[in-house]
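Every chain is named by a letter (A, B, C, D and E) in the order it is written, and numbering of its residues begins at 1.
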């Protein structure tokens, strides 16, 4: 049963990811990405990382993909993408994919070094608590840094998207864009 | 007479000097150090501080040029008295790299003393000419020339391998800038070619120096330490071969060893005359000096393995470039080529790896530095009067400028190796060295002096003698052609005087030099089998002579 | 074949390869950005799987999980900045195709 | 596991978060926040104050914070803090100063640039300060989580900075290119970290660790299993990620485009600080956990170094755009430093040679970039070497600074750059890396051509031909540098020359 | 004053005079001439003093001048009868020529340079004479070459003078090429170049000698004494002022080669001596033939000089060879004696002839063509008389001139030992009197053939006095018994014909000289305005007047071989070294740069492929493919 669920979610994740890449419509891509991320979240659950699974769904599916969709709508991208990738590009990228898949498979196929099954079970409650404790004691510094990371990202986004403040500059920008 | 010169005069001079300066070696070391630092400091001062009045700039620069020359003269005097084969006037300053065995060590021995002296004379002449040359942006021009001067002196006075290299590069960069800014036709590409070539050479030689440093395992860049300890330890023959190759080709490029010479004529032709004087005269000798002071003594086996190749390349310099010089019609390029050609002699001298050959090479370097500087100076003087460097567009200048003609003839005669000029002694010593090394080499080597006579005299005849060419008539009609001015005359006299003094009194250079080369090159490595037989042959003769000679005298009296 | 660590890792590896494939293939900068997310996600999956399977009593291998937390944060920040740049560029050039971005070249 | 015991453990973790040790970083972060507040509080006409506060605030951090943390740090030099997240060594202490200096210079150049381009200031300084703090933490990271977070802070900050001039589509284009490629490299780096984590955490293997992301625990494991495929692939993927930062072949390809598009101060920041950050991490890794992988890494890094030197120099040879030129020449410099990295496997002090090199590189690069900023036309991506003709005549000071800085970059004695190169060469010699030495020499010789070509353009007389048609020649307006610029450039140049003559100034690196 | 000091003074006084003249007196011609004449007077005085102090034995002393390793060059003197005789001859002739110059150059504007040059010449020539070793000799050998260059070039505005001086120096250099090799060879072989020591070494064992070394040394003589095939410079050197021609290119410098041969007579092997003999013999005949077909008075005298030098060289070669064969103690000096005797007399009469010619030229406003002259005997009686003495002397009219004794000795030597040489030399001697007769007859008798000559007047006393003195010497110089006792050992080695030989040689001498002189009178006639030989034998005349095309041959070599080779190598230097090697490398790197730069296509896609390539590359290292 567990195996079946694994295969289900694994296939779902991988196929959805592939469709993200292959679908010509950006909206479709975004939708498949939700599927892929939910699949990943399910795998997280199977790996007993419940908190992360929730985080995955909330952050990715809930925030990031929405952001993507919002931008896609805003820019009206479907109007834009007309040209198809060239044959050469397709052949080369498939070749690249084959190389990467080959590499990954050689890396992970040998089961000598890897454990077949998990050794210990992690109770959900203690998992989350430990996660929190670790995060805010041992990894407090990275958390603070990550906070600043988000802060500068935010500042940057504001800076990049807000209308210019000074009137003469704004005029010049408008004049150029028109 | 010998005693007279050796004892009475020098003793008296030394007594006076000792009385005046308390014979403090520290004082001399201080003087040596400051003779290198002062020009550099003045250079930076001139570069940084402005605006300055022109007369102040001139005076300050003149001080910067004069001081090292005076110090060099004084040190030379006291060196001649001391007659030692070691480094004198040593001083040491730590600059922060002493953990690598690097510190600013200065000092002079019999090999570097002549070159240091020569550099200071050439620098003084070039400087005096530059001060009154009326170049644009004079203070920068003089500052860069002073920097070059200080670097050149430093390179010859460094005992530390690192600073030996370092000072050379200090001098090299102003060369580039000055050619580029104040140079003549084609200056950009010439400056670039010169810089790239010389940087390549310098880097290769740097690798060679580093290899000496590492292979020795002494953790020292000090030439004296290296020499002392390598006597006992030495490098393996195979290692020496590669190490010497690095030094040979690195330094060879710096000295325009054939076929790495193409930068020299072009660069010198484009360079302003003071730069050409200082570079071709003094700085270029750096590479040869490196081979003589460092390469061959530290890596004798390596050197002996490469002498075969050195000989062939040196013949390339002599014969190939000799012919090229004959065909050249641009005066400045011709002088440039001739300086390349004469480097062939120095390389042949080095190839001998004997005290005669190498001593000859040093004397040759000393003399060539002075004479080629003089030629570059005079060629510019010619240019100012004829407005061209093309010798086919000159002629008959001797009528208007007899003094210039006289100096030029003297300079050419010095280059040709006429006795009475310093060049002769070096050449003849090299020839003697060659005989001991490989007798057949004498034929091309001596043929070289015929070739230099051909192009030298041809140039003299084209420029000064005969009827003026149509072009020169036009130039002479437009403006009055005057003889040498004072600002041209003084440097020329300075250089010529040095050439003649050493020409008539070679001992002044050869005596300390001889001690040094004898200490470093006791017997040539490769010809070790040959020379003893020679010397024993002559010793045989000498011993049997002394017995027979008495009888001979008796017979002749009867 | 039993489902084990290598199975999860294979999925992760495939995701990584697909993400890279997307970078190679697609010219739409939005989808390129999505592909990057897939690549980061692949690492997340591997991290969680390693944590899970390598945990023994006494060592919970929590650092892997914590790392995932940071990766998600970083991914969000990257996407935010990336989308802001894309929007700003679109305003000036009316395109989001990466191969149209060749004003800077030799 | 009883909770109380756990709590004690976590309390222990918390107790080890000794924030005073990273006081400079904290101060920078606070300063960054203060700037944001000031932006809101100050009236619009006083906003120029922000730049001054940013600049002098950093100087204050440099003068007060660093000594303080060094005082605290002296006790723990060679020790770890924050439960093993940070490790304090001489290298990290020096690099903190290095990054702070870079940041001050970037802010100084940035204020010139922003004023010229009429861009808002506060975000620039804010992001720069946070990035600098991130870089300073990066040098001290001893744990992959810390490393990754700090690195991404830096990287995301740079995404913002590169595309900062948003009225210029080139800046935005450069930003997007940098973002896509940077994120790709981050993903590769991350995947590598994961593989290392997976390999070293495997309890079946001898020497496995409970916290395999900690360098101190990763090292012994790798030493025990240098042939493990996961370890090897993980290590090279990490190196690939770092290669992007330092601009090593073949991850150097983005550099000219991004440098050209990025605002000049940001390009300087990228060229110096970002590259230095990559090198410090690389050094921490190869002298730390990756030391045992030298059988693989030495050939790999050697090949990369050779290719990097050759690519950078050859590509720069005929480059006329000065920003691209600086980018490509920076690639070459990365190559020389990689030689030092390879040497550091066998020669201990090679690390300090690289630091020395970085310092000299910083001095010279910032001087060049500042001159470029002063000289920049309105679209500063379009600066060509030809634009510098007559510089020395019209602006002798700028000309002299440019020449000396370029000379130092070319490695010409008596300038500092030469000593840097020399030390690298000496280290390489000691490590017997003959091929690398030969390639370096070739590279230096090639580099002479383009550096001196630029010097030539700036300082040599140029012959002006009158225009062919009767088009009126617009007299060129030569920008005037501010007195502050003069002081800064003077200091940079002076330091370059002084270090060239007296290396004792950086002697603490050479002990 | 002791000997070393005297010798030092003899060398230093002219040097000092030269220095003063060239440095300070360039614009003060009169002062310069006084300084130089005074210097040469002092030199003459000190030479005589030296002679008086000298006890007649071989004396030498030296001080080391430069040493490198085992190589040492010393400066010293070596007095022997040979060198003291030469010293006296040189200083004596030089003094009178200096004096003559004062008159001859009185209107010249560059007297300072001229007299400076003369003094340098004195310094260097005297250096050659006293030199005790070969290196020192070489030094001064080169210096006389330089002073010769400088003085030939006195009228440098004339292209011909510029050309001639250059030619003289370069040809001498070519000779010195061999000379220097020979000296170094000698040094390498024996470990010393002290002449005295060498003599002793060779005396012990002649088998150590090498023919090649001797021939190399002889190369120097070829150049300096202008023997074939390096004779081409001497006729051209007549472009210099006439006193210079007299002093340097007739009496002293060119004789230095012969002096050198005599000084080192022992160093040549028999084979080398044979070569030397024949070169001298051929030169004697060739030059005499050429002299017949010149019309320039100085050129005639120049070829005459060449011819006489040929006599000396031949005499030295032949005599030494004979002496060595005979094995007697003094027999080795046979050739030296003959050559030196002729050298001495030649110095007197050739200086006389040249000065006489100078006097003519000066009076005739630099007209040098003898066919433009004529009838000068009436206008310039003193010159004519002294010149006649010279003609008699050089023609070898028995008992009347010094030339008879010295030349007769040479002919007798040849007659006794080598008939072929004798036959050639007799022809040369006959031709000598013929061309001298031609000159004498055409220039002095008959009518003036040009305006310039018609206005000629006798020269001033400063010019006539030297003529008179030298004329006296030209008469008395042949009487060996007049020479001081100290030289007798040297000069009495000359073979004297006895008995039947005496009669034969006397008849021969009468025949040669009178046939030549009288023949000339009849062929040309007094004061002829054109050359009858040129009219009747145009082809041989042209060939001989063009010196048998030697100059053309050498010019051809320079133009067709040397210059094209130089141009070719110049081109090769440009093409291969500057071009292909340097520019080519730069070009290749530049091309690579363009290719490499082209990889920056600006597309993120392409860059991602680079990243993929990078990952694969790194992977390859990780798994050990690379």
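FYI, a contact is a pair of C-beta atoms (placed from the backbone, for glycine too) under 8 Å apart; a residue touches a chain by one contact, two chains touch by 3 or more.
None of the values given here were measured: they were computed from a predicted structure.
Chains making contact with chain B as well as with chain D: E.
Note on connectivity: the fewest steps through touching chains from chain A to chain D is 1. Touching chain B and chain E at once are the following chains: D. Inter-chain contacts peak for the pair A-C.
Distances from each chain's CA mean to the overall CA mean are smallest for chain B. Averaging Cα coordinates per chain places chain B and chain C 67 Å apart. Chain centres here are Cα means. That of chain C falls 97 Å from that of chain E.
The distance from the centre of chain A to the centre of chain B, each centre being the mean of the chain's C-alpha atoms, comes to 72 Å.
Taking each chain's centre as the average of its CA atoms, chain D and chain E sit 78 Å apart. Taken residue by residue, chain C touches two or more other chains at 9, 16, 19-20, 23-24, 27, 32-33, 51, 54, 56, 60, 63, 66, 70, 74, 77-78, 81, 85-86, 88, 92, 98, 101, 103-106, whereas all remaining positions touch fewer. The set of chain E residues touching two or more other chains comprises 597, 600, 602, 604-605, 608-609, 612, 619. In chain A, the positions touching at least two other chains are 89, 92, 96, 100, 103, 107, 110, 114-115, 119, 130, 134, 139, 142, 146, 149, 153, 156, 160, 176.
Taken pair by pair, the chains that touch are A-C, A-D, A-E, B-D, B-E, C-D, C-E, D-E.
Looking at the complex, you find that chain C touches chain A at residues 2-11, 13-22, 24-28, 30-31, 33-35, 37-38, 41, 44-45, 48-49, 51-57, 60, 62-63, 65-66, 68-70, 72-81, 83-88, 90-92, 94-97. Touching chain B in their complex are the following residues of chain E: 4, 8, 22, 26, 57-58, 63-71, 73, 110, 113, 135, 138-140, 142-143, 146, 149-150, 153, 156-159, 161-163, 165-166, 169-170, 173-174, 177, 180-181, 184-185, 187-188, 190-192, 197, 200-201, 203-204, 562-563, 565-567, 569-570, 573, 577-578, 581-582. In the complex of the two chains, the chain B residues touching chain E come out as 1-2, 193, 197, 259, 261-263, 266, 320-321, 323-324, 326-328, 354-356, 359-360, 363, 396, 398-399, 402-403, 405-406, 409, 413, 416, 418-420, 424-425, 428-429, 431-433, 435-436, 439, 442-443, 446-447, 449-450, 453-454, 457-458, 460-461, 464-467, 506-507, 510-511, 513-514, 517-518, 521, 534-535, 537-539, 541-542, 544-545, 548-549, 552-553, 556-557. Residue ranges on chain A touching chain C, taken from their complex, read 2-3, 6-7, 10, 13-14, 17-18, 20-22, 26, 29-30, 33, 36-37, 40, 43-44, 47-49, 51-52, 55-56, 59-60, 63-64, 67-68, 71-72, 74-75, 77, 80-81, 83, 85, 89-90, 92-94, 96-97, 100-101, 103-105, 107-111, 114-120, 122, 130-131, 134-135, 139, 142, 146, 149-150, 153-154, 156-157, 160-161, 176-177. Interface of chain D with chain E (complex): residues 176-177, 180-181, 184-185, 188, 229, 232-233, 235-237, 239-240, 243-244, 249-251, 253-254, 256-257, 296, 299-300, 303, 311, 314-319, 324, 446, 449.
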